[in-house]
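Two complexes, one shared chain (chain A), two partners (chain B, chain C).
So, the complex of A and B:
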C-alpha cells in the first residue's frame, strides 16, 4: 500500500530536519515503541508493541535513515519480526519545502508511506493493512508536529494527496 | 497450545475484579474475533474471562421508551426477538444479516461494539440510532464512543453491560456485503429521530461515521432524489482488494438511497 500526505508545520525547515534526525523524538512518535537505540550512524534498533484490534504483537527490528539530503529529504524505513505473527515492513519518503517568511517560518512536509506485511498477519489481516498503516502514519506525524511545535493538544491537519492500494 | 487462565465469573463485579487482577486479560463473549486471533498466536492473553455465566448480560428489555439489549445477547437472539421486532425492527433485520448462521449463533452485540471492526454492522445501528453504551462504570453516547479503527472510548478493563437503543420504527439499514464474509463493504443506517435524521456509515472508512452532508439534505427533504445531490469524498475511504476508495464512496450513496427508499 502507498499513501501520500501533506501537512504544514509552523516552524523552520531546519528545526523540522533536526527533529526528523532525533532518535528520542522518533521514538516518542512511534505508537507502542518501547526501545529505540542507535547501533550505527543512521541505524537504530527498536522494539514496538503493536496493538490493532484483536492483534497484539511485539516486533523487534531495525530502522534506517537513507537517501539523506539535508535539510530537504530522507527516507526512513523499518522492518520488524513479530515472531509467529509474521513480519511488518514500512517506511516513508519525507521531503521538506520552506513555506513561510523569515518572521513566520513554516515548512511544507510531504511524505509517501509504504507498508507491507507477511506471514500470518497478511493472512488474517489483509483487509486491514491499509487502515492500520494510515492510522499509524496519522499518529506518528500528528505527534511529530506536536513535539516540534511544543504544543501538546495542537490540532494537526493532514491532507491526503493520494491513497490507494 | 499455550497456557492461559480461564475464568467464568457469574457477576459483572467479579468479572471486572478478575480483569484488574490479571496481567493481560481479555473478556470473552462470543469469541468470534478473539479466538481466531489466539489460534493464530496474534493475541496471547494471560487470562480469559468468559462472560457467558453472567445472567444479567443476556437479557433484552423494553422500558421507558428504550430498548436495552444485554452485551452477551447473540445476533440470532436479536434477530428472532419479538421484543426487538416490536420496538426497533431495524435491529432485528440488521442482526439477521450478520455473517452466517454459525457467527450469528455465537457472536454478541457487546463483542461487536467493543471490537469496533471497521466493517462490522452493529456500530452503524448504535451510531445511526443514537444509542448509548452502558458499561460497568458509566453510560457513553454513541457519538463519543467510536473513535478510530478498532478504537473506542472504553477504558482498559471497562466492560460493556448493555446497549440502550431508542425505540423506533422509522429506520432502515442497507448494506453491500462481502459475498464471502458478509462483512459490510459499505453499510448505511438511516434513521428519523427526534433530533433529526441520522445517517451512519460502516465499512467505508477506518471507523463508523455520520454522513452529516446526507443528514442535512434529508432533514430538508427526506427523499432519494434529495440524496442524489450528495457525493461523499473518497479521501479517507478504505481501499482493499475487494473495493477501491472511489467505489466505496459511490456505494455510500447507493446504500443510503436504498435505506431511505425503504423507510
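So, the complex of A and C:
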C-alpha cells in the first residue's frame, strides 16, 4: 500500500520540523500508541494497539528516524510484532518546503506512506490493510496538524487530509 | 451376485446419524483429564529463528507445557517423510528437505508451527500462545512457481530449489513428430493453486496411557494405518503395537487428510511427555495456511497434427510447485499421476513430458481431488480444443478422429499405462445428445439477440484410478504397496460385520460396501454394518484416495465373501452329510444340488459357532474371512463433459446454463451415490475454473487465507447437472468398478474454460475465469479491434 498526500500547513518550516522530531507529539499523533520511548538518538520503542479488519492486536516494536535532512526531510519507519496477529511494517517519507512569507509562514508538507503486514494480518486482513493504513496515516497527520496549527487554520488543513486519497 | 442390489439406489445407511446430529467426529470426543493445544506459527514465509521466549507462556494460567521446535530437535524426532521416491532424468534421487514436526532453527513457509502451548482449557492455551515470543531473522521468500529455480536457494543442499527434473516418453520420436507436422498448436497454461477446504477442519486427540504405554490417536485421517506406519517407522513416536489410530466420522478430505501433518504428530509426542490427553482442532485460518494445497503448475505444451487432424506428437514441459516441504505423496502427483495421463483418450503415437518440481516458501502441495489427473486433462483438453479452433474442425469431430477405438483394447499408451477397456465414442455420443450439441448454434443466436455471449466447451477425460497395482507402483518408486484389505465376520445369529481398510469421509461406503456384501451373501442389507477407520479393529489398510475404495477395497470384500461362501459350503456339506462338491450357493442359501435340502447362510453361521461336532482336522469353527486384494492394473474411468455458458459482456459474469457429464465408471453398485460423487466433483472443478484461487504475495504471505478472499463455489454458482452413464466394466477386478470419486473434478475445468473461451472467441485465459478477468478480456478484445 502506498499513499501520497500534500498539505500546506500555516506555520514555519522550523516549527513543523521540531514537531516531527518531538517524541511526545509523535506519540500523541500515533493512534492507539500506549508507549513511545527514546532508546537512542532517533530511535524509539513503542507499543501500539491497532485493528485491521477482524484482527485486533498490540504491536511492540521500534520506530526509527532516518535519512535526516533538517529541516527539510526525514524518513520515519517502524515495525511491530503483534504476536499471533503477525507483524506490521510501515513508514513515511516526509519532506517539507517553505511556502509562505515571513509575515505569514507556511510549509508544504509531502508524505508518502507505505505499509506491509504479515502473518494473520495478511491472511485475513490483507485486503483491508490499505484502508487500515490510510486511516492510521490520516489520523496521524490530522492529529499532527491539530497540535502544530492555530485553531482557525487547522480546520482547513484537516479537511484536505480527510478529503484526499 | 444377486443382481437386484447391484445398481440399486439404496438410501445411505449413514445418513440417519449425519442428518440427526449423531455423527461422531474427532472434536465431539472428550476424554477425562484432556488438555488443549494451540500452535505458535511463523508469521514469516522464510526466516531463521534466533530465539524462543517461552517463560511468560509457561507461567500463564492453566498452562501445562510449552514445547518448541528446539525440543523436537533435542528429542531427535524424525522428519515427516514423503512416501514416493522419484528420480531425475540423470538418475539422481529427488531432493527431500528435512521436514521437522515443528521448526526450531528455520521456518520455510508462513504458518509453519514453531511451538505448541498445552493448557487445561482451550482459552488458556490460546491466551498463552500470545505470550510466546520468537525472534526471527527474515530472509527473502521464494514464491513464484515458474521462476523458483532461478532464485536464491532455500536449502543449502538443494541447488536451484529443484526437487527433481523428471521425464517420461520418447523425446526423439516426439521431436520427429513435431518436425513432420502439418500444423502445431501451442499453449501456455497455469493450473491455479487451490486450497482444499474440507467441511471439517483437521483435528486430533492424542491419549497416552502411562500404565499401558499405549498411545491412542483420534484423528481426521483418510488412512489411519498409513498414519500409524509413518508415526512408528519414520517419526518414531511409538511402536506400532502400542499405537492405535482411530479416524472416526470425518467430514470430507479431498486428499488433504491423506497426509501426515505436523500438528497431529506433535500432540502425539507431547501427550507422551505430559501423560495426559491433548486435543487440537484446527481453526479455519490454520486450515487455509497448513492443509496441503493442490495443483500449482506452469505448463507449456505443443501438439503436432497432420493435414487430416490426426495427432502425431505431444510435447509437454511443466514446472510444479511442491511448496516448502515434500508432503506425504507430493512427488508422485505431478509425475506418475500426471505425465502418464497425457495420452488421454487419444492414439497420439509419441508423447514426451518433462516435469521440474520446485520448492518455494509456501505451504506444501500434494494430492487434491484428482491429483495430477486434472492437471493432465486440463493441458490436453485445452490444447485439443485450441487445435480444433485453429484448424476449423468441430472439436467433437477432432476428438472422435483421434479416439482409441473400442476394439483397440487393451491399449498400450506411449506414457507407461495400458488401458484395459473403454468406449470413448459411446460417452461422447451420449453427451452430445444429452447436451443438444446440434442445437447450440440456435441457442447462441438467441443469446446474441439478448446481448449475451454463449459458448460451448468439451472435455474428454481419462483417469487412472484404483490405486494401485503394487508391483507397478513399487517399480515407479512407491514406498508401500497399494492393495487393500477386507474382512467379513458373519456373526452367530447371521448378521455381518464388514471391516475395511478403506475409509469413508463422505463417500457412503457404509452403504455401498453393505450392498456389495449383501448381494454376494444374500444377507439383508440391514443386517450388515461396515466398520472402518480404526487400526485396533482391522489388520491393515491403505485408506481412501485416488478413487480406489470400491475398485480395490470393494474387490477385497468380494474376495472375502467368496471365502465365506467356500467355508459355508464346507459347513453345509458337513451338516447335510454330503460332499462340498454337491453344494451350490445362491441368494443366501446353500443347497444340495438336485434336491430340496439346504441351509440358509444364517443357519450355517449359527452352526459355525455353536456346533460341537465339527471334524476339526478338516473344518474349523467360525465364519470369518479376510482378503487382501492387490489390483493387477489401474482402472480407467473416462467420459465426456460438455459445458455451456452464457456471459454478460457488461459485467463479465459467466453463468453455466447447462452442464452435461457422461461417465463410464464400469459397474455401478449404487447409482445415487455415484451421481452424488459426480455432482461434488463437478462443483469443485467448476470452483477451480471460475472462482477459486490461492494467492501468496511476493513476501510469501497467504493473502487468500479466509472466505473473504478465497471464493468457494456455492449452490447458486452451478446449474442442475445432467449426468449420464455408459458402461464398460473393468476387466480385471471382481466388482467391475472403476471408481467415481474424482472424475467430476478432473473432467470439468477444461470443459468450463473451453466454453468461456468459445463464448469470447478467444483461445487463452488462465483459471479462474472470474467476472473481472472475463470483463477485462472483453474490453481488451474490443480495444484491439
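What we mean here is this: the second predicted complex is superposed on the first by the 148 of 165 C-alpha atoms of A that agree within 3 Å, B and C clash if a C-alpha of one lies under 4 Å from a C-alpha of the other, contacts with A are read in each partner's own complex, and residues count from 1 in each chain.
Here is the rule we go by: a residue touches a chain if its C-beta (ideal position, glycine included) is under 8 Å from a C-beta of that chain, and two chains touch if they have at least 3 such contacts.
If you're wondering where the values come from, they're calculated on a predicted model, not measured in any experiment.
Peer 1: Kindly classify A:56 by the partners it touches after superposition: chain B alone (first), chain C alone (second), both, or neither?
Peer 2: After superposition on chain A, A:56 lies in contact with chain B alone.
Peer 1: Could you look at A:104 and tell me whether it touches chain B, chain C, both or neither (first, second, both, neither)?
Peer 2: neither
Peer 1: Touch check for A:160: first (chain B), second (chain C), both, or neither?
Peer 2: It touches chain B, and chain C stays clear.
Peer 1: Look at A:84 in the shared chain and tell me whether it touches chain B only, chain C only, both, or neither; answer first, second, both or neither.
Peer 2: both
Peer 1: What is the contact status of A:127 with respect to chain B (first) and chain C (second): first, second, both, or neither?
Peer 2: Once the two structures are laid over each other on A, A:127 reaches both partners.
Peer 1: Have a look and say if chain B or chain C is in touch with more residues of chain A.
Peer 2: So, of the two partners, B touches more residues of chain A.
Peer 1: Regarding the shared-chain residue A:135, is it in contact with chain B (first), chain C (second), both, or neither?
Peer 2: first
Peer 1: Kindly list the residues of chain A that each of chain B and chain C touches, one partner per complex.
Peer 2: Common to the two interfaces on chain A: residues 83-84, 120, 123-124, 126-127.
Peer 1: State the interface residues of chain B toward chain A in the complex, per the touch definition above.
Peer 2: 33-34, 36-37, 40-44, 115-119, 148-150, 206, 235-236, 238-242, 244-245
Peer 1: Quick one: in the complex, what on chain A touches chain C?
Peer 2: Interface residues on the chain A side: 81, 83-84, 86-87, 116-120, 122-124, 126-127.
Peer 1: Residue numbers of chain C touching chain A in their complex, please.
Peer 2: The touching residues are 40-45, 110-111, 129-130, 132-133, 285, 288-289, 697, 699, 701-703, 705-706, 708-709.
Peer 1: Which stretch or stretches of chain A touch chain B in the complex?
Peer 2: So the residues of chain A touching chain B come out as 1, 52-57, 83-85, 120-121, 123-128, 130-132, 134-135, 160, 163-165.
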